[in-house]
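Each of the next two complexes has chain A plus one other chain: chain B in the first, chain C in the second.
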Partner chain A sequence: MMIAEMVKDREGAEKRCLEAYEKAKQLQEKYNDVITFVDPTEQLKNLPEEGLMRGVPIALKDNVSTKGILTTAGSRILSNYVPVFDAKIVTKLKEAGAVVIAKASMDELAMGGTNKTCFTGASLNPWDTSRMTGGSSGGSAALVASGVVPMAIGSDTGDSVRKPASFCGIVGVKPTYGRISRYGIIPYSSSLDHVGYFTRSIKDACVALKVLAGRDDRDMTSSFREVPDYSALLNSDLHGRKIAVFGNVRDGLTNANTAKLFDDLMESLKAKGAEITVFRFDEALMKAMLPTYYLIANCEATSNHSNLDGIRFGVREPGDSMEEIMTNSRTKGFGPLIRKRFVIGSYGLFEENQERLFRKAQKVRRLIVQQLNECLKDADCLIAPASNDIAPLLNDDSRDQLSDEYLVVENHMVIGNFSGYPSMTVPMGFENGCPLGINLTCRAFDEETMFDIGRAIEEITGYENLTAEVK
Partner chain B sequence: MEEKKDRAYFRKLANQLIFDLSDEEADDIIREFETLNSQLALLDAVDTDGVEIMVYPFEDDTDFLRKDEVTNVITQEEALANVKDKIEGHFVLPRVVK
Partner chain C sequence: MEYDVTIGIEIHCELKTVTKMFSGAPCTFGRKANTCTNEIDLGHPGAMPCVNKDAVARAIEACTALHLTIDPLVKFDRKNYYYSDLPKGFQITQQFHPIGRNGYVVIDTAEGEKKIRINRIHMEEDTAKQFHLTTKTLLDYNRAGTPLIEIVSEPDMTSGEEAQKYVEALRQTLYYIGVSDVRMEEGSMRCDVNVSIKPKGSDVFGTKNEIKNLNSISNIGKAVDFEVERQKQILESGGKVEQETRRFDEKSGETVLMRRKEGNVDYKFFPEPNIFPIRLDANWIRSIQESMPELPDARKERYTRDYGLSEHDIGILIANKELSEFFEEVMKHTQNAKSACNWLLSDVSGWLNRNEKTIENCDLKPENLAKLIAMIDSGKISSKQAKELLNDLMEGKDPEAVAKEKGMEQVSDTGALEKMIEDVLDANPQAIADFAAGKDRAVGFLVGQVMKASRGKANPGLVNKMIGEALKKRI
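Entry: the complex of A and B
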C-alpha cells in the first residue's frame, strides 16, 4: 500500500502500525534489522487530526536522536545513550502523523558500507540472507524492502542510502545538502553528511520529502528555500529532458548483465523522449575521487567524535584517572574499523600533513564539482548504475578496506556528497533473484526533476512497490 | 628524517586520540596506510595550483546571529540524565588531586 492510501485509510492506522511493529519483531531473528523496537501504542493515542503521513509506520536509522529512546548509532560506546531531545526530523515526522516502530541497525557511527560493523551484528539482505544489505543505513533499507514499513530514514555521507537501496531493490533518496535539517543526527563528516530516506516508490518519495524538508534554525547549514509540493509537480514526460550517462562508470562496468540492464534502460528512456548523451569526467579526477573522499570523511570524523569519551554520556569503563577512563572507554567502545579510521584521519590533520592531504583533498573536491557543473549545464541529470553487482556475500571482507584498485564504479556516488546535489537510486533490474539499482544526480535543489526521471524509470521497469518475498 | 610508520608509531598516534590498539589492529593500519600512500599518488597527480579549497557544498550564508532569546531549554536533570555517576548536579570522576 502506498503512503497516500494509508493516510486515506484513517480507521486502519492503529492496526497497520501495530502489525508493522509485530512484523518487525517477527523478522528480527531472520534479518537482524533493528536495534531498538519502539512500541507505537502511545504515539497512536496522540496522532494529529491531519498529516501527510498520518498513521504511517516508519523506522529511523539509529543515529537519529529520539527523546527517551535509546540511540546508539550502532556503536558500543553509545549503547546506553538515551537522548533528552528529538532530532528535528522526528518532530516533523510526528507532526505529519508518522509512527515510529523501530530504530534500525547501521554501521558503527555510519562509517561503513556493509552494515557488518554494527555492535549488534550484521543486518541481512531480505532478498538473500547470505548477502549484505549494504551500509551504512542497512537496517532501514531492509525494513522497507521486506515490507515492514513504507518509509525509513537513513543518512548518506558517501552513498550510505543509495548503495543499500540498490542492494535491497528500493528507492533511496539523498536530497540536496541543506534540504533536510540535520539537527539531532549523530554526525560523521559534517561537510558530506546528508539525511536521506528509503521508500518503495517515487510517489512515496515525493510525500516524504515534503514532510522532511525545510529550514531549521538549529542547523546552520539548512536552506531557507521554499519546499515545493513534489507530489503535485510529478511528471514523467521525458520530452525535452537531457540525460547524461556517466561515461567513466559505464566504461568501468565488468558485469555484462549490469551493462545490458543499463544500456536497455537508456534505450527505453530514449524511446520515451529523453535525449541521451555521454559525459566523461577527467580520468585523473575520477582516480582521485576515492582518496579525496577517504581523507575528507576521516579527518572530519576524527574531530566530530572527540566528544565520545564515556564521561558526559555513553558507556564508561573503569579507570584510575580521567585519562584512563577515557582511554578504556574509547578502546572498548569503538570497533577496530572506527579506530583505524580515526588514526588515519588524525594523521591527515597533523599540521605538517594538512596542506598535503586534507587541504589537497578539499581542492580536488572543488575540481570534481566543477566538472559536474559542466555536465549539468547541458544535462538535467547524470545517470549510472549504482554498483557493478548485486549485494556482496556476507563473507566478502573487501568492502570496508581501502583498495588501490581503480574502483570508480563502486565509488562514484560520493560525487553527490562532494557537490551536495540531489542524488537517488531506483531499482533497475535483477541478477540471481537479487536487485540492483540505477543512480541519478541532478542540479542543486532540483529534486523535482530527479523524481520526474525516477518516475519515468519506474514506469519502464514496473518496479514500483517492490517487496522482497519474505520466506 | 620521517618517522618510521610501525606499530609503535600508530599506537602513539592512537594514544594521542585517547584509545589503544592491539598488535593486530596496528598491523592492519600499517597495511591500510601503505594503500593510502599509493592512493595519495593519484591525488598528487591532480594539478590544484590556484584552486581554492572547497569546505562545504554551498558557499551562501545560511547562518545568522539569532536574537538573544532562551529557547529549547533542558533541565539540569535532563542534562545529567546520561551521566554514570553524579552527586548534587556534578559529574563524579576519580580524584585527581591526591
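Entry: the complex of A and C
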C-alpha cells in the first residue's frame, strides 16, 4: 500500500502500525534488521488529526536520536545511551502522524558499507539471506524491502542510503545538503553527512521529503528555501530532459548483465523523449575520489566522535583517573574498523600532515565538484549504475577494507556527498533474483527533476512497490 | 647585569549574554551545579552548535572599544583535545580568522602614555568547571559553552606595573561597555601572563614562562615581579630558563611550577564544518557600534571639558562607572562640580564602604546631594553641620527638612551676629589687646567664642569676617 492510501485509510491506522510492529519482530530472527523495537501503542493514542503520514508505520536508523528510547548508532560504546532529546526529523515525522516501530540496525557509527559492523551483528538481505543488505543504513533498507514499513530513515555520508537501496531493490533518496535538518542525527562526517530515506516508490519519496525537509534553526547548515509540493509537481514526461551518462562508471562495468540492463534503460529513456549524452570526468580525479572521501570523512569523524569518552553518557569502563577512564572506554567501546579510521583521521589532521592530507583532500573535493558542475550545466541529471554487481555475499571480506585498488564503479556515488547535490537510487533490474539499482544525481535543490526522471524509470521498469519474497 | 623584560598577556573574558555561545541554555553564575546546561553544552551525540548573535555583537563592541579591525566574515574552528572538562572533545574557537585584529589600549607610565598593542580578539566557548576531591572529580557543566572572548596582547609590556595597568585599562573598558562582568575573583575574567627576560639590548628573546591562576590585578604585578626576579637569578647563576606553565601562589607571593613544555600539544585545528562562514551585515555592525555606551577615555575628556575637575579627581571618579554616572545625575541639579565630586569621593564613598553598600543599591538621591551642596554654598549650614546630615542624606531623606527638624539653620542674620560679637568682645579685652599686638590667633579664639555663644549655629565664615571688621573699629 502506498503512503497516500494508508493516510486515507484512517480507521486502519492502529491495526496497520501494530501489524508492522509484529511483523518486524517476526522477521527479526531471519534478518536481524532491528536494534530496538518501539511499541507504537502510545504514539497511536497521540496521533494528530491530519498529517501527510498519519498512521504510517516507519523505522528510524539507530543514529536518529529519540527521546527516552535507546539510540546506539550501532556501537557498543553507545549501547546504553538514551537521548534526552528528539532529532528534528523525529519531531517532524510525529507532527505528520508517522508512527515509529523500530530503530534499525546500521554499521557502527554509520562507517561502513556492509552493515556487518553493527554491535548486534549483520543484518541480512531479504532477497537472499546469504547476502549483505549493504550499509551503513542496512537495517532500514531491509525493513522497507521486506514490506514491514513503507518508509525508513537512513543517513548517507558516502552512499549509505543509496547503496543499500540498490542491494535491496527499493528507492533510496539523499536530498540536497541542508534540505533536511541533521539536528539530532549522530554524525559521521559533518560536511558529508545527509539525512536520507528509503521508500518503495517515487510517489512515496515525494510525500516523505515534503514531511522531512525545511529549515531548522538548530542546524545552521539547513536551508531557508521553501519546500515544494513534490507530489503535485511530479511529472514523468522526459521530452526536453537531458541525461548525462557517467562515462567513467559505464566504462568501468565488468558485469555484462549490469551493462546490458543499464544500456537498455538508456535506450528506453531515449525512446521516452530524453536526450542522452555521455560525460567523462578527469580520470585522475576519479582515482582520487575514494582517498579524498576517506580522508575528509575520517578526519571529521575522529573529531566528531571525541565526545564518546564514557564520561557523560555511554558505556564507561573503569580506570584510575579520568584519562584512564576515557582511554579504556574508547578502546573497548569501538570495533577495530572504527579505531582504524580514527587513527587515520587523527593522522590526517596533525599539524605537520594537515596541509598535504586533509586540506588537500578538500581541494580535490572542490575540483571534482567543479567537474560535476560542468556536467550539470548542460545536463539535468548524471546517471550511472549504483554498483557493478548485486549485493555481495556475507562472507565477502573485500568490502570496507582500505585498499589502494581503484574502484570507481563501486564508489562513484560519493560525488553526491562531495557536492551536496540531490542523488537517488531506484531499482534497475535483477540478477539471480537479487536487485540492482541505478543512481541519479541532479542540481542543488532540484529534487523535483530527480523525482521526475526517477518516476519515468519506474514507469519503464515497472519496479514500483517491490517487496522481497518473505519466505 | 641589566635585562630587558618582555611581557605578553592573554585574557579570557566571559561575555554577558542571556544564553550560551552555541546553545540556548542560560548563562549564569553561582547556580546549582548542572542545572543550566543542555544537550549541546554536554556534547551529546547529534547536537549541533548555533551561533549566538548577541555574543557576536558583544565581541564587536569589545573590538571597537579596543580599536581592533573587525573581520565581517565570521568563521569558527575546532580545537581538538581530550580533557574531562571539554564535553565535545573539541572546543569551538576562532583560530584562523579572529573577529578582530590589531588594536591597542593606552596606559599611563612614569615616562608618559604608552600604547600596548592587541594582536587579536577571538570568540570561543568556555569549558566545564572541575572540582578535584581526594577520591573523585566533580564536574559542573553550567559554565560549559559560556561565550568567551580571548584578548591576546603583543609582548609590549616591560614591568609588573605595566602589566597591571594594561589589565586594569582593559577591565575598565570592557566594564564600561558592559560586555562582561570582568570579575577576576569569580573567573569571568582570567589572565595568563607570559614573561621572558633577555640581556639588555639583545635581539634574541628569552624562554617564556606562562603564569596562570591570577585572580586579582594586584597579583598580576606581584607575580610578574617575582617571575622576573626568579628568571634573573637563574640566568645570573649560569642556569637556563625552562619553558614552563607556572601558577601564582597567593600565600607565598611566588610562582610555582605546574607543568613543562606545553607548546608541544597538537590541537589539530580545522574549520568547524557545522557552521558555515557568516557574512556580517555592515549596517548591523555600524548600528552596534553607534549604540555603544561612552568609553572611559571619552568620559575623561568630557569631564575635563565640562566640569573643570583635576585629572586626579576625574581618574578616581571614572574608575567607578556607577559612581561617575551618579555624579552626572547630581550635576543636573548643581553647578558646583568640585564639591559634588569631593562629597562623592570622600564622605559618600566612606559611608558606602562602612555600610557595605554600593552607589546603585543605596537610597541616596542625586537631587538631595545637590541640595546639601547648595545649603553649604549659600551659608545656610556649615560644612560641619552638613557632615552631621550624611546619615540622613544616605537614607534618602531631604537634607533641608532634616536640618530644619534638627534646628540646624545657620545664623546668618548680621544684626543678631553683631550683637553676639559685641558681647564677646566686651567680655574679652585681653584678646583685643593680643590682636593689637599682632597675634592673629586671637581672631580664631574670638570666632570660637561667638560660635559657642550661638551654640554652633552662627555662620563661621560670616563671623570671621565681621569680627575682623569689629576689631579694626576697636583699636
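Simple rule for what comes next: the second predicted complex is superposed on the first by the 471 of 471 C-alpha atoms of A that agree within 3 Å, B and C clash if a C-alpha of one lies under 4 Å from a C-alpha of the other, contacts with A are read in each partner's own complex, and residues count from 1 in each chain.
We adopt the following convention: contacts are C-beta pairs under 8 Å (C-beta built on N, C-alpha and C of every residue); 3 or more make two chains touch, one makes a residue touch a chain.
What you see is a predicted model; the values in this text were computed from it and never measured.
Look at A:Asp320: by the touch rule set out above, it reaches chain B but stays clear of chain C.
Shared-chain residue A:Ser191: touches chain B and chain C both.
Within the superposed three-chain model, A:Asp309 lies in touch with chain B and with chain C [touch as defined at top]. In the superposition on chain A, contact of A:Met220 is made with both chain B and chain C.
In the superposition on chain A, the chain among chain B and chain C reaching more residues of chain A is B.
By the document's definition of touching, of the two partners only chain B reaches A:Ser419; chain C does not.
Looking at the shared chain after the overlay, A:Ala284 reaches chain B, while chain C stays out of its contact range.
Contacts of A:Ala73 after superposition: chain C is touched, whereas chain B is not reached. After overlaying the two complexes on the shared chain, residue contacts for A:Ala379 are found with neither chain B nor chain C.
Judged by the touch definition given at the top, the superposed model places A:Phe85 against both chain B and chain C. Comparing which residues of chain A touch chain B with which touch chain C, the overlap comprises 81, 84-85, 191, 217-218, 220-221, 302, 306, 309, 311-313, 322-323, 326, 346. Taken together, the chain C residues at the contact with chain A in this complex read 38-39, 42-51, 78, 80, 82, 84, 87-90, 137, 139, 266, 268-270, 273-276.
Those residues of chain A whose C-beta lies close enough to touch chain C in the complex are 63, 65, 71, 73, 78, 81, 83-85, 87, 182-187, 189-191, 217-221, 299-300, 302-303, 305-309, 311-313, 322-323, 326, 346, 349-351, 354, 358.
By the touch criterion given at the top, residues 80-82, 84-85, 177-178, 191, 217-218, 220-224, 284-285, 287-288, 290-292, 294-295, 302, 306, 309-314, 316, 319-323, 325-327, 330-331, 334, 336, 339-340, 342-344, 346-347, 357, 359-367, 369, 401-404, 418-421, 444 of chain A touch chain B in their complex. Those residues of chain B lying in contact with chain A across their complex are 10, 13-21, 25, 28-29, 32-33, 35-36, 38-40, 42-46, 48, 51-58, 62-63, 66, 72, 74, 78-79, 81-84, 91, 93-94, 96.
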